[in-house]
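For reference, chains read A, B, C and D in written order, and residue numbers begin at 1 within each chain.
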Amino acid sequence: MAVDVRAPEHPRVQRLEQVWEERPGILGWLTTVDHKRIGLLYFFTTLAFFGAGGIEALLIRTQLAQPESKVLAPDTFNELFTTHGVTMIFLFVIPMTTGAFGNYLVPLMIGSRDMAFPRMNALSYWLFLGSGIFIYIGLFMGFGPNAGWFDYVPLALRHFNPGPNVDFYALGLILNGVSSTLAAINFIVTIFKLRAPGMSLNRMPLFCFAMLAVSLALIFALPALTIDLVFLELSRKVGFQFFIPGNGGDPLLWQHLFWLFAHPEVYIIVLPAFGIATSIIPTFAKRRMIAFPLVALAELLVAFIGFGVWAHHMFATGLPTITLVFFAAATLMVVIPSTIQVYAWTMTVSAGRPEFRAPLLFIGGFIVFFVMGGLSGIMFAAIPFDQATTDTYFVVAHFHFIIFGAAVFPILGGMYYWFPKVTGRLYHEGLAQLSFWLAFVGTALTFFPMHIVGLIGMPRRVYTYPHGLGWDSYNLIETIGSYILAAGLLLVAFNLIYSRFSGAPAGPDPFHGGTLEWTIPSPPPHYNFAVIPTVSSAYPNWDEPDRAVDAGKLERGELTYEAGHETPTSTVRDGVFDEVVDMPSESPWPVTLAFFAALALVMVLISHYAIAGIFLLLVLFSLAGWHWKEPQEA
Amino acid sequence: MSVARQSKGVEFLQWFGLLGAAIVWTAQLIVGFGVTVADCSVAGAGWNIDVDTWQIVLMAIGVPLAVVSEVAALLIFSETRGLHHNDPPPWGRRHFFAAAAVWGNLLFIAIILLSGIGAIYNTPCQGS
Amino acid sequence: MTGVRGARGVLLTFAVLALAGCADKQNTLAPASKQEGRISTLFWIMMAGAWIGFAIIVGLLVLGWVNRRREGLPGGGGERAATRIVIVMGVFVPIVLLSTLFVYSNIFVVKSTAAPPPGTTVRTLGVVGHQWFWEVRYPGTEAVTANEIHIPVNTRVNVVATTDDVIHSFWVPQLNRKIDMIPGRENRVLLAADRTGVFRGECAEFCGLQHAHMSMQVVAEPVAKFKRWLANMARPAPAPTSSDERRGREVFLSKACSGCHTVRGTDAAGKIGPDLTHVASRSTLAALTIPNTRDYLFRWIHDPQQFKEGVKMPSLHLTDSEVNALVAYLRSLK
Amino acid sequence: MSVIRSMHAPPGRADRHRIARPNGWWGVVVFIATEATLFGTIFGSYFYLRFRTAAWPPKGIPDPAVTVPAILTAVLVATSLVVQLAFWAGRAGRVRAAQWLLVLALIVQGAYFGIQMHLFLDDLDKFSPSGSAYASIYFTMLGAHHAHVVFGMFLELFLVLRLVAGLTNYRLIGLQATTFYWHFVNVLALCVLATQIYAAL
């Protein structure tokens, strides 16, 4: 079957090698537009931030292990929990799932040779890197964000927060938002236009549906955050009055805009995890997903209804009940796409012959934690109960079960699952399963007691708490759990590094996965597919006749496009072959543009607006330089 | 009626069945939420807005429209009964979306009803 | 209600033991008012449902594991049967259950626990959030105090919650839901203790450096006792009797103290710190950070920062004798 | 099945004629979607703040001008036609025509922008954005739109320069995208105008 497609000695394949090869060395990485290399850049960068966020979490837990402890000063604690939140959400989970997994896998799953806008793809990465460095420079200079990740005004305004801490937060996130927006545009067009011939929407892998949902959500959610941050900076830097009650402003405007972004954000965080789960489950259950269309729609529905629930973060602000009920209703019904998926996953596992290897174990853990976090989430749709427990550790427990249990577990499972594809080597199964159990127990121990300690009155974001309120033992258990969890994560890292160098060779398709990435060699060649596959179902790798036909095309030179730096496009709805497009090759401009953009924000931070303007001109200049070289000139 | 025209109609039915209810709910949320905010704020207080009437009207328009889009989905679904969701487009795709939308639209109908009822049965502008 | 309690015992051994075992001072599930009672009932009902739902999913996963060697569902049946289960359990059942929950909680419970409109209760009191203490006012009287809210038992008290600086959140878990204190807004919450006692509360919205040290307590007492307390609170500060106290007052008025604190009946009318007119009648200092004893008061005046880093009150570098005099004076402000 | 494959297998690589919208078109459409949301958020904030203030504009702030902005907007919207003509000319291969039409659009839009800037600074003298929430949102909204006009002019300028070297598929798509962007900016102009003069009605 597909094996023939990869005959490396074939002249067409060699030609493709020449056409798609990129400059080696550091310069190659700086100018790369290859979605796989960009994916790896994202992967390692986000892992670094994951480490930072994890250390922050451990410091927080250490401080809270006992009442009245003095491990951290209050201001340090406040910077740490704020940066922990910002890091894990904006610098780890989202760039990891979209940037790393999405970038690497989407083109492979839809049978394309790259993303629709490769240079813009590189730009998203460099902007993201800039935003991360920007925020962390603040932290290391002792000006870490310190008003909580949702940064409520007036606490975040200059009067109560004179340092540059919040400016690092706001400007850093504006840059981060631009990066995510560009990435989202890229994913949408890629998924719309670059699908292999025959891959009509109803034959698109569920992972791609998830990425499509995420990208659409980002497109419509991020502007609210951007505007909110602009309002905030205008208020802090030049005294605009959006949030000052005396002059017609309203602190709640910040909250409305922030949550209008940040609740869809929550679904943006978990949706790719759904996508990873729906990739891993069929492979190891050895059957196609149950209720496939329903699951696909569910992923889109979560993203869509997610826009109508924001005010459930504001139930305690004294808004009229008649305003709140709209959001309570949507909050309850947004549960149902998730119940659909949870039952579809479990049913697929039951109906198939599941092989509980590490990736599936992590998905199992994901389902357990996601259900737990989901069920406590339902409770917040009950307005009076929400008002009783919001801003307590009950909430902290809820969203960590979602963000850690439901988003990070699939990420870990996905790391194991696609590790052979990316490296060409197998991970160590025994260690992997051990790492799962450590992480599972650690997560349960860390976050379950938070429910109880919240119900018995512990508010979130306190740097210490008095003895004698019955909170001590739970906090100690949580801290112990967090260290077990850290051990589990380190074991994952060790396993992957060790296997990278001394794992057994994996071959193109170690798990017999259903989607297209398993039809090509591991690691994938620069051009991904020697023959652009023609698809007739959502699990093309299981349609062996199709693959045999593809293999035959190499000889005939059908759909091989080795003449130039090209890939075919297709129609949006039905994946009918449309045209062949020239793909741009490596370019120095994205990284240059990102550099100037970051400098412009630094200048805004230190209030040198004229210089910032100059850097903005340089940004436009780089944009011109970028488009001066056109793809067909490659 | 030419085949092209007919397929255009079918195409519209499929997309309306998929998106109709969602759009209706979006409209209800924006208007319904906006009205409550306006009525319960400093300036709006003077405009004596009758929130309940607004909500009833919104439901009276929204629910039927959502039901229509559910019907559209059902029509396509019955039209494509027997197809597999991986069958060749356009019919395979129409079946795919209809099969899902038939259930998805129920959510929007539920949300529209619950929001409306909640807004009507609670006391206007009473802090919560 | 009892049925729920029964169910909770079965469903929740872990949590219940935990909750029973702990101190109840700030426990949302140890209600001391009808309102909080309704809310905790709502919680136990949702909790029961949640555990059932959780058990079903975990059960299905376990079944999948047990059945891992055989194709098809454990009970037989393939794609169609599985899809039917997804639709019934994933769409129909939740729509019904969640809609019921919506009506129960967001129409009935929400109404029966909501803050009453202004002027519909026997008593109204104003609580103003400050970084980081609670100013308590009793409209219609002179009484102003801090961090210690006295209310008559079995009486509906309408609390008007406002803020002087950033957003705080007023929360007495055993009495009712919390309410945010937001600049430019007047929010309300109902307190109606159905038994006497001291109920601890804490600021729930992150409000800066000392968010962790912004607690308060609500003392629900018999009406007569409350009336006596309020009458005393409304009176200006008692005149100093001993020479020590007199000297203390001198220090208080001559040094920076009076710039931030008010002692009614003297020239001290500062608005930044808590009103100290009857400070000696309170059981704690600095929003429940330390007990209000002679020793602690002494150390607090010496260097407040050691207890509450970042608190607005500076160390005035007073001599020990000055501080002793101040302590004597302040302890006389019953 | 076989039907489908025969349908998809292209006759060699030469086949360049397009049966659907190009990637660039989709790219700009999605970009416009997010931009539209951005302005939607601004308009939303404007009316949210309006609800919370009894007098709009607040005391001491003059009503916004109506006539001049209205005329200016009309002029700007007219350039949509010019840019569209430029695209059609380009598609028909008449490169020079396209270039000159773009130049014409640039001149008109430049004039528009100049006068708008004058009005903007004039308003700044009359009342400060840090005086009231009304002023803050007023200047933010106008500033945001002016920035978009500038960016649109930058795109046109870039195309004018590129078209000197003749027309390529890539530049034609760029021209189409820019045309689209301008239509969007002009629709925004109408919405901004409506919001801006709302306070005077």
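Convention: contacts are C-beta pairs under 8 Å (C-beta built on N, C-alpha and C of every residue); 3 or more make two chains touch, one makes a residue touch a chain.
Fair warning: this is a prediction, and the values are worked out from it, not measured in the lab.
Peer 1: Applying the touch definition from the top, give me the chains sitting in contact with each of chain A and chain C.
Peer 2: B
Peer 1: Which chain is most remote from chain A in terms of Cα centres?
Peer 2: Measuring from the centre of chain A, the most distant chain centre belongs to C.
Peer 1: Going by the touch criterion at the top, tell me which pair is linked by more C-beta contacts: A-D or B-D.
Peer 2: A-D
Peer 1: I'd like to verify one number: the distance from the centre of chain B to the centre of chain D, where each centre is the average of its C-alpha atoms, in whole angstrom.
Peer 2: Those two chain centres are 31 Å apart.
Peer 1: When the C-alpha atoms of chain C and chain D are each averaged to a single point, how far apart are the two points in Å?
Peer 2: Roughly 52 Å separates the two chain centres.
Peer 1: Find the geometric centre of each of chain B and chain C from their Cα atoms only, then give the gap between the two centres in Å, rounded to an integer.
Peer 2: Averaging C-alpha atoms per chain gives centres 41 Å apart.
Peer 1: Of all residues in chain A, which are in touch with two or more distinct other chains?
Peer 2: 250, 294, 318, 321, 324-325, 328-329, 332-333, 336, 340, 383, 387, 536
Peer 1: Where in chain B do residues touch two or more of the other chains?
Peer 2: Each of 37, 88, 103, 107, 110, 114, 118, 122-123, 126-128 in chain B touches at least two other chains.
Peer 1: What parts of chain D, by residue number, touch at least two of the other chains?
Peer 2: In chain D, 1, 4, 48, 52-53 touch at least two other chains.
Peer 1: Which pairs of chains touch one another in this structure?
Peer 2: Contact pairs between chains: A-B, A-C, A-D, B-C, B-D.
Peer 1: Which part of chain C faces chain A closely enough to touch in the complex?
Peer 2: 15, 18-19, 21-29, 36, 38-39, 42-43, 46, 49-50, 53-54, 57-58, 60-61, 63-65, 67-74, 78-79, 82-83, 85-87, 89-91, 94-95, 98-99, 101-102, 105-106, 109-110, 113-114, 131, 165-167, 169, 171, 173, 177-180, 182-185, 187-188, 200, 202-212, 288, 309-310
Peer 1: Would you tell me which residues of chain B are touching chain A in their complex?
Peer 2: Against chain A, the touching part of chain B is residues 18, 22, 25-26, 29, 32-33, 36-37, 40, 51, 85-90, 92-93, 95-97, 99-101, 103-104, 107, 110-111, 114-115, 118-119, 122-128.
Peer 1: Quick check: in the complex, which residue numbers of chain D touch chain A?
Peer 2: Where chain D meets chain A, its residues are 1, 4-5, 7-10, 13, 15-23, 26-27, 30-31, 33-35, 37-38, 40-42, 45, 48-49, 52-53, 58, 129-137, 140, 154, 158, 162, 168-171, 174.
Peer 1: Would you pull the chain C residues touching chain B in the complex into a rising list?
Peer 2: For this pair, the touching residues of chain C are 87, 91, 95, 99, 102-103, 106-107, 110-111, 114-115, 117, 179, 187-188.
Peer 1: Could you please specify the touching residues of chain B with respect to chain D in the complex?
Peer 2: So the residues of chain B in touch with chain D come to 34, 37-38, 41-44, 46, 88.
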